[in-house]
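Some structures to go through are shown next.
Next come two complexes built around chain A: one with chain B, the other with chain C.
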Partner chain A sequence: QLEHGRALHTAARDGLSSVSAQDVPAERPRAVFHTSESDPAKHTEQHEGRLYDIPLEEVKAVFPHGLPYRFQQQIQTFNEARVMVRRPALELLAYLKGSNLAHPAVRYVIYGERGTGKTMTLCHVVHYCSRQGWLVLHVPDAHLWVKNCKELLQSSYNKDRLDQPLQASAWLRNFKTSNERFLQEIKTQKKYMWGKRESTEEGRPLGEVVEQGLARVRSASDAVGVVLRELRQQSHRGSFRLLVAVDGVNALWGRTTLRKEDKSPVSPEELTLVHNLRKVVRNDWSGGAIVTTLSQTGSLFKPSSAYTPHELLGKEGFDALDPFVPIPVTNYSPKEFESCYGYYLERKWLQHEKAHTEDGKAELQFLSGSNPRQLDRLAGPL
Partner chain B sequence: RIMPVRWSRYSPSYLEPEVKKESYQKPLEELTEEEREQMELKAVRPIKAAPPTLSSSVFSDPMISKFTNMMMKSGNKVLARSLMSQTLEAIKRKQLEKYHKAPENEKETIECNPYVIFHQALKNCQPIIGLSNITKGGKTYQVPVPLTDNRKRFLAMKWMITECRENKHRRTMMPEKLSQELLLAFNNEGPVIKRKHVLHKMAEANRAYAHFRWW
Partner chain C sequence: LRLICTTTAVQKKNVGASGPEKYTEAFIKKQIEEFNLGKRHLANMMGEDPETFTQEDIDRAIAYLFPSGLFDKQARPMMKHPTEIFPEQRKIQWGEDGRPFHFLFYTGKQSYYSLMHETYEKLLNVQKHQDQMIAQDLPPQKEKRNLAGSRWLTKIELEEMLLEKLSDDDYSRFIKLLEKLVALPCADTEEDYIRKFSKEVPMQLQKVVVEPLQYDEQGVAFSTGEGKRKTARATAVVYDNGTGKITVNGTDILHYFPVLQDREQLMFPFQFLGRIGKHDMVCTVSGGGRSAQAGAIRLASAKALRSFVTEKEVEFMRQAGLLTVDPRVKERKKPGQEGSRRKFTWKKR
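And now, the complex of A and B:
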């Protein structure tokens, strides 16, 4: 009882300056760490450390891919998707709100140690942009494109490059689910030939290119390239705003574990998907923003202690991404830890009797070091 | 049955280490006479090294540690412990999903605490009476014999682990198999409970030889 009362007082002190009446936890004093504000556009510093709810239909529409696996399991167990509002995400949202779309796209790189919440910050930003009606180009994990590829075809468009039909078609399918309405509005500007007989005329909706890529899996990577190119060239007109969200962008400039048939290693430039993605991430287009995340966990040939942009991107990547806005993500602050702990208690995730005590809480904080991933892993069996 | 006494490398003057935080936080006045004597003894006598399984964490459970050790293969405690934590998480997820789907009046009957389920399941699997081989007159008889608590716990855990390792499909993961078996045993169903009943029936059938036991 006591600690809920204390938390209520601190929240009341913070919330005295707030104007919105929805936030005052009148009916349920236990839900101090929740907020009923489910529109990311209205999140401000008062909402810092609180968890907001995303309706499940929206989750399926906005995030067909891109959410971390453990978060998806959590959504299934608790029957709701609650994301914590944290300071790096608020910073990014403020920058996006104030950005001038006539200028070239600004690049934001979210970096931090392992398990601090980079992917979740990216997902928060993607949710905001899709609510605002932007076209979201979300690459869930670029590392999946440079490792564990079962099929590598030689590209028909350019003899030196290699195609990845499976990854490209999976991405096109998810892209279609998240951006249905834009695919009818945007028209192609050039005629594209798929092989000798099939072609897409000028002025056809982009949905046709996507259908072509899904139907003919062999040309899926070229379809992806066409989609990226069209979006890049048409975003400056202002009919739509483009958000390019890439998770694990350091995969584009590292090494791959793929080998050609003569066992020689493949470098990332030789993959069509990576080549096209590198062109999108350049800031030569306007009318949107590029938000990327560095990731060590899926990376290849990088030491596990590396987390800064310079270490993970290497010289080539750093020069390619050079004028970018770095956004560091750190472990939970005491307030955020309290709110996460309270949420687990409320949802009955922490079942151990000792986990409800002060000793248990202190032990969880110590063992996890306030790291979100460690806390999640520790709270699993408890 | 008299077990051989194991010897330890420590001389008898060594005392056991005290791990619980509460015993060190008591002020001096609250201690009884014996506890004061114990404290003075600790000041002069040497103390044994704490074994790695002894933990001062509030979440540690001796039965879970024993089970993890039994699941361990070739000393890979990291893997055994991660499997155990994944099992407990799997049990919790299954029970929570059932809980959220159940109507209001049934919600109290659903047990979501994986530790309670684990302990209850193992308790349900413990046999009451065991069989031992006794040779009399050239023939070996299966004689019903009482079991000690340690032996009962060991048998329950051993049966659970062998059941999961051998009688399941090769490709299922251990946490999945174990969580399923533990939930069945919690409800007094499943192959492990059946094995316990088979043992009880054999002991009942061989009741006539019970007088062969001399201890």
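And now, the complex of A and C:
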């Protein structure tokens, strides 16, 4: 009678695990949680709550840097990448499908409490767009650019600004991996000088700019700026569609923890990367979409209970991003919870005996509050 | 030459060897007279009627006339009847010629042995009576004594009664003799004698009343409970037909208790009864820290759940410790120590 079933702590990775695509022969009832639809373009409401598989090669190509850390660990453990199809993502996909590319880019802001799956929704959308052949400009976490920067160089282009060579070069490398084929197609429209001796002529493929940035790390931030500018200006032509995916966009308008040599704080405008990114996120260009996420976990100087756009962006950011389409992300619905739980059981991630019982499931649901991240952390030790 | 002869006054008597002071009967009587006179004087002083002046009035008057700030009540000035102040002692047991009054004086425990003799005499009487009844062919009536509601005197009480020290062995022998007496069928005749050595035990199980369910406007059943732990106080309202949502002070438990341990504590009563997803709860809590608040809410919710559940399950909950108030509180810091238990660092020099 005295049940102390606290056995149910499953170390689930960040909740949104992708369900592998299995054909739905109902030999096992758990197969209901998976769908065979590997293409996000074909996901509809009937796939809601189910997990779909992304082949590992695609993962490496499309997401060199975008997935949450715990999810990457889960991919390694389970040897497959499964993403859950959830309503906010479906909503976004519907908007994207119906958007008119001739109009200025629409901004979507994904917001929600901590650990509800905003980054995963963003990744879902990025996957869809890359499948559709869009050019994806994915900034994994804008907060990385405003804190913990070891090297700050004074920008050669503009005396007031500061460069961040390390972050810029890392991002350029990942950008190259994800968008190889576009880099050959798109040509520069202007001549750019990288210092006294090096320059890139007009009409050269964008790949060269990227190479330049990777080779000469000092000018990497400028290279990033050039890339963003070119993409912005050429997207309206229609040869490619541009998706700007920024995670943690509230970093662009907050404060930074960086200091100059004279110990005075650095404001975000003084950083080249941030400055250029802000220009991209403005909706003065057409031919694509801007999907952003707010993030409290990496944000600086914001209380942990803040999750609405107004609180996290501040007045400045809100005005800059206004108008946008807000997309709230919430905790798991009962159906989604069931499918996540079923997935863990199936992959034998929940080892504890009690985890297999109904009581165990109820306990997990209670303790995690149907929050994906909590469920992930709970399921870990089990 | 030094003076060798000494006076008796110089020779100190060994005071401790003679034992506690023995009061003579005359002394006690004199004290009682003085007390009564003093009582009347005090009544006159206070302007009350001397005839109806009770002990409580005396205490109040003394406290008024001699106020004292001492913490120990026994140390303050008091005026009580001499029998309460002077411990009851055995008076001197022998006369002027040195011959003791009681025939068992030289056993050392005269009253104990005389008691044993008396009791045995009663036993023999009862047995004789029983034989008579059998001889007259009357079946001996045995009335059941109410053994459940009475107990024998404890050793300390017996010592007080006999005014002399007993050993455990003596006490157990006496009790065995009493039991033997009681076991005989015709012991009713000696009922009065036995009653001197038994006491009533007031047996009253405190039954905790379980409140019935209340119903609110929509007809949903709910019940309330209160709980506390350390300095935290919590009230919980548990609603039926729920989804397992819990709100604390207006916020969800995931936000109010980010630590898993607290949430587990909240979950415990529901999980124990197997009703995790069936009830909603709204609670308010104040005071204490994170753990204390969790414990307080747990107690409150367990108390509220009693109304929804059968008596047997209430008993199980009680045995599981869900319904008991945790008595542990912060221990006081003592002077001369750094904390409540930790002493200062011991330095050798």
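Please note the rule applied: the second predicted complex is superposed on the first by the 353 of 382 C-alpha atoms of A that agree within 3 Å, B and C clash if a C-alpha of one lies under 4 Å from a C-alpha of the other, contacts with A are read in each partner's own complex, and residues count from 1 in each chain.
Just so it is clear, a residue touches a chain if its C-beta (ideal position, glycine included) is under 8 Å from a C-beta of that chain, and two chains touch if they have at least 3 such contacts.
What you see is a predicted model; the values in this text were computed from it and never measured.
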Problem set entry | Touching partner for A:Gln73 - first (chain B), second (chain C), both, neither | first
Exercise. Counting only touches as set out at the top, which of chain B and chain C does A:Arg237 meet: first, second, both, neither?
Worked result: neither
Exercise. Between chain B (first) and chain C (second), which, if any, makes contact with A:His103: first, second, both or neither?
Worked result: neither
For this session: Using the superposition on chain A described above, determine whether A:Asp359 touches chain B (first), chain C (second), both, or neither.
Result: both
For this session: Tell me which partner A:Lys60 touches in the superposition: chain B (first), chain C (second), both or neither.
Result: neither
Exercise. Just chain B (first), just chain C (second), both, or neither: which does A:Gly369 touch?
Worked result: second
Exercise. Touch check for A:Ser305: first (chain B), second (chain C), both, or neither?
Worked result: second
For this session: Please work out whether A:Lys187 is in contact with chain B alone, chain C alone, both, or neither, and reply first, second, both or neither.
Result: neither
Exercise. First (chain B), second (chain C), both or neither: which does A:Leu382 touch?
Worked result: first
Seminar exercise, completed: Contacts of chain A common to chain B and chain C in the A-superposed view 359, 363
Seminar exercise, completed: Within the complex, chain B is touched by chain A residues 73, 76-79, 348-349, 351-355, 357, 359-360, 363, 380-382
Exercise. Mind pulling up the chain B residues that touch chain A in the complex?
Worked result: 21, 57-59, 84-89, 92-93, 96-97, 99-100, 112-115
Seminar exercise, completed: So, in the complex, the side of chain A touching chain C is made of residues 1-6, 9, 305, 359, 362-363, 365-367, 369, 371, 374, 378
Exercise. Hey, which residues of chain C end up touching chain A in the complex?
Worked result: 244, 252-255, 260, 263-264, 267-268, 270-272, 274, 276-277, 316, 320
